[in-house]
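Scroll down for the structure; my scribbles are underneath it.
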Amino acid sequence: MTFTHDDQRHERLGMPEAIVCQGKDDASVNLILTELIAKPDCPTLFTRLPQDMFDRLDSALTNELDYDSLSATGILHGPLPKNSGSIAVVTAGTSDLRIAGEAKRTLEFSGFSTSLYSDVGVAGIHRLFDRIDEIKTHDVVIAVAGWDAALASVLGGLVAQPLIAVPTSVGYGVAEGGGTALNSMLASCGQGVLVTNIDNGFGAACGAIRMLNQLKSSD
Amino acid sequence: MTFTHDDQRHERLGMPEAIVCQGKDDASVNLILTELIAKPDCPTLFTRLPQDMFDRLDSALTNELDYDSLSATGILHGPLPKNSGSIAVVTAGTSDLRIAGEAKRTLEFSGFSTSLYSDVGVAGIHRLFDRIDEIKTHDVVIAVAGWDAALASVLGGLVAQPLIAVPTSVGYGVAEGGGTALNSMLASCGQGVLVTNIDNGFGAACGAIRMLNQLKSSD
Amino acid sequence: MTFTHDDQRHERLGMPEAIVCQGKDDASVNLILTELIAKPDCPTLFTRLPQDMFDRLDSALTNELDYDSLSATGILHGPLPKNSGSIAVVTAGTSDLRIAGEAKRTLEFSGFSTSLYSDVGVAGIHRLFDRIDEIKTHDVVIAVAGWDAALASVLGGLVAQPLIAVPTSVGYGVAEGGGTALNSMLASCGQGVLVTNIDNGFGAACGAIRMLNQLKSSD
Amino acid sequence: MTFTHDDQRHERLGMPEAIVCQGKDDASVNLILTELIAKPDCPTLFTRLPQDMFDRLDSALTNELDYDSLSATGILHGPLPKNSGSIAVVTAGTSDLRIAGEAKRTLEFSGFSTSLYSDVGVAGIHRLFDRIDEIKTHDVVIAVAGWDAALASVLGGLVAQPLIAVPTSVGYGVAEGGGTALNSMLASCGQGVLVTNIDNGFGAACGAIRMLNQLKSSD
Amino acid sequence: MTFTHDDQRHERLGMPEAIVCQGKDDASVNLILTELIAKPDCPTLFTRLPQDMFDRLDSALTNELDYDSLSATGILHGPLPKNSGSIAVVTAGTSDLRIAGEAKRTLEFSGFSTSLYSDVGVAGIHRLFDRIDEIKTHDVVIAVAGWDAALASVLGGLVAQPLIAVPTSVGYGVAEGGGTALNSMLASCGQGVLVTNIDNGFGAACGAIRMLNQLKSSD
Amino acid sequence: MTFTHDDQRHERLGMPEAIVCQGKDDASVNLILTELIAKPDCPTLFTRLPQDMFDRLDSALTNELDYDSLSATGILHGPLPKNSGSIAVVTAGTSDLRIAGEAKRTLEFSGFSTSLYSDVGVAGIHRLFDRIDEIKTHDVVIAVAGWDAALASVLGGLVAQPLIAVPTSVGYGVAEGGGTALNSMLASCGQGVLVTNIDNGFGAACGAIRMLNQLKSSD
Amino acid sequence: MTFTHDDQRHERLGMPEAIVCQGKDDASVNLILTELIAKPDCPTLFTRLPQDMFDRLDSALTNELDYDSLSATGILHGPLPKNSGSIAVVTAGTSDLRIAGEAKRTLEFSGFSTSLYSDVGVAGIHRLFDRIDEIKTHDVVIAVAGWDAALASVLGGLVAQPLIAVPTSVGYGVAEGGGTALNSMLASCGQGVLVTNIDNGFGAACGAIRMLNQLKSSD
Amino acid sequence: MTFTHDDQRHERLGMPEAIVCQGKDDASVNLILTELIAKPDCPTLFTRLPQDMFDRLDSALTNELDYDSLSATGILHGPLPKNSGSIAVVTAGTSDLRIAGEAKRTLEFSGFSTSLYSDVGVAGIHRLFDRIDEIKTHDVVIAVAGWDAALASVLGGLVAQPLIAVPTSVGYGVAEGGGTALNSMLASCGQGVLVTNIDNGFGAACGAIRMLNQLKSSD
């Protein structure tokens, strides 16, 4: 097997180099690690690298990674230089932290500053109101929620910032797999709420990076 | 065709006698009207009787009905005697008024007092907060919403009363047909939110009547 | 990780404090247990805590729990003081006992008295008729069923009490996951049947508690 | 266009010759009528021929049909000679009569005797019990129901005869189109309930005919 | 836990007593076995009892069972006395043998004679034609198939006997879980094909038993 | 509105120039017709142009079209020069002729010779066997079927030629819209059956043209 | 009926005041028009106001609107003052112009400058490459596509700007209703592609406005 | 158990003899291996034989196989004699190599020459353009992709060859299981793209073989 890296991505799009580990076998990830460890000028984010896969990989390789188990991410040759722009990552419940973490790590790897506001789901809406003024001080807001994902709709009516909604697969029954959260976010009455695939914290971060890069380029 | 009326329903269950007109042809509805007009001791609610069907029916029969076009309901030999118990019917948007009206008319036919709180969707959440104290004064709350139906979740965290959620088929794209609203209500993080079929304002009213009857019987 | 408890829930809504363990990792549950064990004035119900997770947690912590394996629930600092009001929990088959148990334990933790009527599915309808008079003596009826969930419809025509229907994920083929039972309950011809998410015994109990609290407050 | 009739069907399978009109344009149906009117030895049933299509066809042709509007069926050169065997067709509500009628007309065209038991849905289960002994006197039972289709499950536990369940597209919300009734019948706890496609009264009749022919052939 | 057996089922419906083991925990199955082993006059079929569960159960109890691993069935105090009537069980591929076996064992437990015709899927249609004359000698035909389930449609045009179609969950991609086979069988152009739930070999056998009992009773 | 024609398509891909009329308003189609009538060197096929739209368009423009109502196609400046290669278009029922016609007209416009074999569905399989030898004389076979689409699977086992399967939206109940036919064809046990979108007779023809062009180019 | 306008929306969120006409009856829209015509300081966009509804409304009212039939939008008391920031609206086919127009009109009403690039779908990818340099000169890119929506993925790899993808309901078969386009955009391999509900051109514009407002506020 | 091999398949259809191992138990595969090892004139391909099953089988038997772990295929008594005709197998990402490998191995077993072009997904479209001229030199192109499967649409506009699209189950969220890739390929704007079941690399190869055999036979 050979591995064809799209190594023009960062230059072309300003987007972080990233490797999705899920769906690859251990041998492939070891091979990719080997190739990229040898390229110190190519900082790379490894996503969807869960602890059990991490433990099975060649430790001589994984020792090179700045690894975070909760978000299942590893950073190689990073982070990138500091960028201006700050992002609020807001979650409905503690079970959403895995995906919120993926977004946060992607942004931090890319040099942006982030703040996490967790456990502010709308079933106890006073928790959200307690923190809404602080949330509004950021350039972009990322809302991460499973179940009915009502958080995105309520936030959509409270903040004027760009708002990216990430549905999570958290929940059982009709919520299982995240389809209800996804549809709820797409059908949100909050104007201009933009949505990613289920559990795609990385994609939400990339969407925010596109905005923040544009902000910078238009200065 | 003969028509076998379950005429023990009110006595057995304390539930209003009702005829769903949708799915029946005009001849059948005319027949049913004729039979029931002759039974003044059998007050009956006709639901899902839209204006165009109403206009096609025998006007000698429909003249006996107290008809309401928005809710598509007609009342014959009603309403039932006054009952104690009051219900708040709350809607997210003006497009939900058809279904909210069906619930309201069913309750009023059954002798209960109702209040309507419309256009209090959570995308502009100040509108809900302006009226929440008044909503809390009722015995039961019925929340009617389409799209993402986030209203039900927010209400679930604000009121302690029994809360019945009615998803509506209002919306386009992923919201079309009401499946997203339904799933969102079922997956609601608000504890103890109970749900009816899509567009089933009548069923929500019947659920409330069961509660209010029990309230009375347990005095 | 910090844990933001919505500790005003019981006071605000009269609803039991509860922690859903499913979807959380062991470390998080241990952390939450530690925090709440230190708050004896905060009785809490742990739901969706299956035996295998229970066995993996810190036994110094789990020893504080009144644990029930079948319903996968643990009670800390409970139960709450006795409340007036009784609930019938009715199941179609023995496989529904897990979810029926979740409802029953939630109600008992909250101080309400419950009776369980199991194995009364309508395929052998004499079993239901044998017990229907006893079921009718309660304030609220909770029907728990998988497969075609016909029990809810039949009960809806037999009891005048508030009726909460809980679909379960029991079944294979088209019944797998509980979607058929859910839709069947939502489409029930029984008037005023109110429905929860699949396998949501806890939510059904909370719905009943809202009713029983209202009953009390209106005395 | 030419029309290739499978004219060996009755001889080969003992099944009625039948033409489904739905999905064909008027010209095609006129052509088929012309061809078959000329074959008096080929008795044929036309199904899914609604009143408005019937009215648009060439009246010189349709005058040859024994037409029934409710069941949308027309019989040409029929019925077939009397057969032994009787079938009970049982419906949950009046809206199911269209499909029940299709089954009944197919059976009568084929020479079998049928009885219709309508409006015996389980929401008022006393109506079913009033007629169950009479239903049990037939050789085969066909249950026709929409919504939650609980009738099939209850019947499955009450009659020992072969039981064919026909889901109908009657209902709104989750019941719309008949998918819920179909799944509910497939998932029925009643043992040995056999199911047809949604609204397929003709298919149910054919299934019964296979059984009754076999009964006869095994005498 | 107590176990409420519907022990009038055989007498009332002529259907085999049966216990579905899937969805029950080991303790429950051990309990049920204990109770029923003590009732020699109550012959019972245990279905969906896979080898791994069988191995985990109390061997003092399972020794009483006539167990078959492929069909995952166990027979206690059986079989029932010989009945007249024979059934052809026909499968498309070897992967369908598990479900075909469940049907076959149910019928044999109930005293009926069966023949198995396997690997006659229509992709090599000469294999079916080689055996069709023999298949036609039976009273009832059960067709078991996954994937596109075209076998049922082809058989429907070839045999005049009652034809019961059992979709199986065999297949990957769009065939996974058996939904395509189910829908294909329901939409079959073969007239009077009757269908069971996915993988419900037991239900198909019960449907056949209803027919064969009726055949006998009408002699 | 301006209209950007991909006028290199025929040269680049050897595929016919085609305009899908469905989804465009009348004004747009009139505009496109005007532009293309002025380009006699650009033979174009108009697809999904139903009779009622055709009648509403500017007759001065539509007079230039070779129009066929059944297939809803119009040919402008055609057909293309004769090509070698012949295609068998095979349909299960007469209702499939609309889509079979779209395939046939596309191929004839493109200069290929075609034969139509209609009404050879497998419920009366002798009709297919009567014509199979003739079908096998073509270079490519296109199978067009709705409902359970079993025709594709049976053909897949009988012909060695490239076989393109086109599911149609013909059918009711679970067959409605063509999803069952599509999945059945995708899950076909016939090896190497290739499938198009539902009702995509044009696409099937294009797939055949790619093959026949390749055949020619490899001579 | 009364109409509760969320008239703080523009001030609170910088989002255009807008009324969705679809789902409202004519009387309601006439009422809303009357109220808002009287408020010249409240510029409002009417969306989903198709020509036939427009023609049925009170012409004394509709005369006040700047109406556009293709996009089904009407502007009252507009447009808002010029804003800095430019948006490229890119469509795959001419059938997507209705939704692209809704986005364009919303942006123009809100004072932003837009350019439309239509008919650049990837089936003829040279058309996209011809215009990509010009597209890249804008601050935000909105991609509008139905069918397989591959345009969004290809654009995602070519432009570094924020990219908002709008699936349209254009297409038949599996594409019908827009679900395939939606899922394809959500699953896009292009990093950071953000998605709206099906046919939600208005929402895409609002998402872009959030970004452009933030750009301005961060200057 | 006996095993009925369709041993006329190669002769009748020119298609490779193949055994799908998935869905069979180990004993059955061992039995089939034993039978076929004894028939050296019957070269056979074993598909969906994953490494863990391979390791569990009787090594005396599996030693006879030319086994490839990535594609989960084993070749017995192969390959077949060299055939003329070459196929390009093109993949979007490295995770698609498992299915691409199944296609490639089937073709090589059947004597055709293949080239693999991997990692040319359209998110970095320059990678595809770098290799497109080489891809065009083959007789047939097979495109293998998961996620949004945009590769198939872009290829459809670039190559004139027969194009077979294989959706893979690679992806998470809405892409999980491959349904989005499947629908995207079916809805492709690229003309004449033909599609197989999800993950059906074998079927794609068989489709190509039908074409290449026809090419040969028409020489």
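Annotations for the structure displayed:
As written, the chains take the letters A, B, C, D, E, F, G and H, and residue 1 is the first residue of each chain.
Convention: contacts are C-beta pairs under 8 Å (C-beta built on N, C-alpha and C of every residue); 3 or more make two chains touch, one makes a residue touch a chain.
All values reported here derive from a predicted model rather than from experimental measurement.
Centroid distances built from C-alpha atoms place E farthest away from subunit G. Rounded to whole angstrom, the centroid-to-centroid distance between subunit G and subunit H, based on C-alpha atoms, equals 43 Å.
Separating the centre of subunit A from that of subunit D, both taken as means of CA atoms, is a distance of 56 Å.
Averaged Cα coordinates give subunit F a centre that lies 35 Å from the centre of subunit G. Chain geometry summary: the mean Cα position of subunit A and that of subunit E are 49 Å apart. Annotation for subunit E: residues touching 2 or more other chains are 9, 123-124, 157, 171, 173-175, 179, 182, 186-187, 191, 197-198. By the contact rule set out at the top, the touching chain pairs are A-B, A-C, A-G, A-H, B-C, B-D, B-G, C-D, C-E, D-E, D-F, E-F, E-H, F-G, F-H, G-H. Within the complex formed with subunit C, the residues of subunit E that make contact are 1-4, 6, 8-9, 22-24, 28, 48, 169, 177-179, 182, 197-200. Residues 70, 94-95, 97, 118-120, 123-124, 126-127, 170-176 of subunit C touch subunit E in their complex. Only residues 92-93, 121-125, 147-150, 153-154, 156-158, 171, 173-175, 179-181, 183-191 of subunit A touch subunit B when the two sit together in their complex. Chain contact summary for the complex, subunit E toward subunit D: residues 9, 12-15, 18, 139-140, 157, 159-164, 182, 186-187, 191-198, 202-203, 205-211, 213-215, 218-219.
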